[in-house]
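In what comes next, subunit A is part of two complexes: it sits with subunit B in the first one and with subunit C in the second one.
Let's look at the complex of A and B:
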């Protein structure tokens, strides 16, 4: 059992490292994790400036979360598509290691790397623009960040499987980017949206991540409400990871039975 | 006369073929999603931030700004990919090896995207009317159409320039996405320009789209052609300057690439 866990961790570490190395050569990664969140942050800051200086931390967190989602959707998605185009996807599926574990490492690398967007937004708004940025509950905020990484990785494992199973999925990337910003309340409360969208928000783990981060940064949530956000976040992330096993079985079927894994659409 | 007819033929054939090359391989549902749903989601995002900021239900400021952004989406991404895509698909040597008129080839790449961008703006207005109660009752149709046409042209001019950049860089997506998102900030689509810092106001004057959005807001409020004429002339000139600079670079890159043998080096 210990040997098996060690093996899994080794695969995650290697997948993580290779993904980071590949990202270093891709300028679009830089756009997704630094440039776009900064532009979104600056735009939102100007749009929401009448809300007062306390709102700067809300914008830092919200803009950084847009960076996390963009990185997840584009970088992780493109990484899978890249394997397909390079002809290495079938090889990856054929290795004794679980494809889900390999994808987990890739997504973890992209999400960890995109935490840079939070540092970038913080630096822009605090140091460059001089807004006071204080965290109401720093310990809760740090724990929320760790859980946010978990939430996005869980979400990413599901999303990545869709990139493998549906060759056309990449062409929907632009269509999927903003709905998550909207439904997860990254930069405005979901209470502004029509009521029928609320259940959709509730089943998205990034929504609970945004709720926990905003709540602990602004102090707008009671401690027990932050705990609830954490529990929901962990619950839905676990559901995604467990649920993804069925999708990855389908991936294996496509590889072994249908031989359509390398179909590009 | 015969040469002019040939150039016009090259212009339109190049325009249609390059547009088909970009989109024909997409499934209809995917094409519709990228043309209709993706812009809508972006509009909703900024409209709701605006509503949250102002506490007002009047979304027309953001609807108009983001509808015009659709023009920039076609103008920048479409045109950039049409020009830069020649290199990626390995057709650039054939293009540079042909005796065809370069201006017809170059500007032709933008033509369909100007029409496409205009369609995008109409779709944006349609969403605005359907979802955000955009009121066009005071709007004069001809000035509105003229504004949309000129604004789309000027963004396509920037796209032609960006397309040339795509001929010499591996990171064209980094460049054109940065330019596109900068327009969200500098064009006044989501923020009143007068509230921005002075240096940003200065930068915004050199961007296409800025005057187009200002002009559209005036037209929707009931302004006639005389009140927006100066804005439209300036917007057109900005597009023309970008087109000419783009063509100048295109010519230089062609000469350099032929001289150094670097046509397909990434």
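Let's look at the complex of A and C:
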């Protein structure tokens, strides 16, 4: 059992490393990690320079989360598409390692690098513009950030399975971008949405991540409400990761029936 | 003991035709094939493009689920026991795909060693050994995108051997290699055979199959049409001779005229720049030349030679000259 867990951790670590190495040699991905967040951070803070710091931190956290989701959807999705076109998706499936574990490592790499780049960009721009970003509960905020990575990775593993199952899923990539921004309350509270959408928001782990991050940054949530957000975030992320085991079994069986692991059949 | 057992294996693919009125069509890629491969045997699967070779290998490597029939590798079912089979087999598909081009050859091998759960200490020793075996020593830290086609093929071989598999599937491993690279690859395959690996090899090159394989199955349109040793396959055409005619341009219709001659078994055209070589298989030998030349009346002909059939001729005879 210990040997098996060690093996799985090695696969995650190596998939993480390989994904990062590949991203660092891809100009398109590098632009998305380094330049784009700088432009977004500069624009967001410039627009908010006359508003109060409370509003600024809400927008900064919100826009950083939209950036994370975009990075997840495009980098992780395109990574699966790239594997299929390169013929490596089939090679990966043919190994004894679980594709779900490999994807976990890849998504973790994409989320970590995007998160680090966004934290760096917002801090840099706020310093340059002399616009301090104050956090109401810094320790709670840091813990929320760590849990946010968990929430996004869990969500990302589920989303990646759709790219494995449906070769044309790239066509839906753009249409998926905004509904998640809105339903997860990244940029404005979900209370502004129709009541029937609320249950959908509640089952999305990034919603609880946004709630915890906004709540701890602004101090707008009571401590016990932040705890509730963390518990819900951990619960739904764990449900995704555990549930993804059965999902990947189904997806891979379907892909082997439909011959969609490779572009050449 | 059989390492691979295949029984009535069939695989269909669905394709759609049309945009508005979409129709689904079923294409049979592999049509009820059966054969066994003994442990430690080097077995060849020969066939023209689209015959079903790669589909067969993909089913055996657990990457495609058969439509019907069964296949076992070391007694394990390719559908039910896919996860148990994967650590025990290695595979390479012809061509340059299946590698990470933006990573070095060494990083590719490190990654796949991890995915095959090769112990880290074992991998540290094994990877340099394999790099040396496939002749990539000194180039292993360069990105794969800078490798030649032959180097990528050899890196594939190293990847497939990382976990010391019992059974190897080599799908056209010499495809696109220059003569020197192809010869080196054949020597590597021979070494693997000496190491008692069970190998299923597909190739278009008859001399390669003749030189390497203990038994050969010829597959055409998804069906096995012959299965025997190379020597016995050659005997299937021992009553035939091959008339080779050099021609400079064949207009439509002339080929059909030759095919319709009653003593002609099959006809194949090989194109070499401006000229073509017509290979006519016939039991009449050199006495058929005058009738064939008459059927080609009006064309500019060059050298005409009659020779004994080779394994390639046996293959052409079996697949009905559809090369």
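Assorted remarks:
Here, the second predicted complex is superposed on the first by the 227 of 265 C-alpha atoms of A that agree within 3 Å, B and C clash if a C-alpha of one lies under 4 Å from a C-alpha of the other, contacts with A are read in each partner's own complex, and residues count from 1 in each chain.
In the analysis below, contacts are C-beta pairs under 8 Å (C-beta built on N, C-alpha and C of every residue); 3 or more make two chains touch, one makes a residue touch a chain.
For clarity, every value in this text was computed on a predicted model and none was experimentally measured.
In the superposed model, A:96 lies in contact with subunit C only, and not with subunit B.
Look at A:249: by the touch rule set out above, it reaches neither subunit B nor subunit C. By the touch criterion stated above, A:192 is placed in contact with subunit B alone, subunit C being left untouched.
Look at A:28: by the touch rule set out above, it reaches subunit B but stays clear of subunit C.
Judged by the touch definition given at the top, the superposed model places A:177 against subunit B, while subunit C stays out of reach. In the three-chain superposition model, subunit A touches both subunit B and subunit C at residues 26. Across the complex, subunit C is touched by residues 7, 10-11, 14-15, 18, 21-22, 25-26, 86-88, 90-97, 102, 253, 256-257, 259, 261-262, 265 of subunit A.
Note for the complex: subunit B touches subunit A at residues 26-27, 30, 33-34, 37-38, 41-42, 44-46, 48-54, 170-171, 173-174, 177-178, 181-182, 184-185, 190-191, 195-196. Looking at the complex, you find that subunit C touches subunit A at residues 13, 55, 58, 61-65, 83, 86-87, 91, 93, 95, 97-103, 107, 110-112, 114-117, 120, 143, 159. Interface residues of subunit A, counted against subunit B in their complex, comprise 26-28, 30-31, 35-36, 39-40, 42-44, 46-51, 168, 171-172, 174-175, 177-179, 181-182, 187-189, 192-193.
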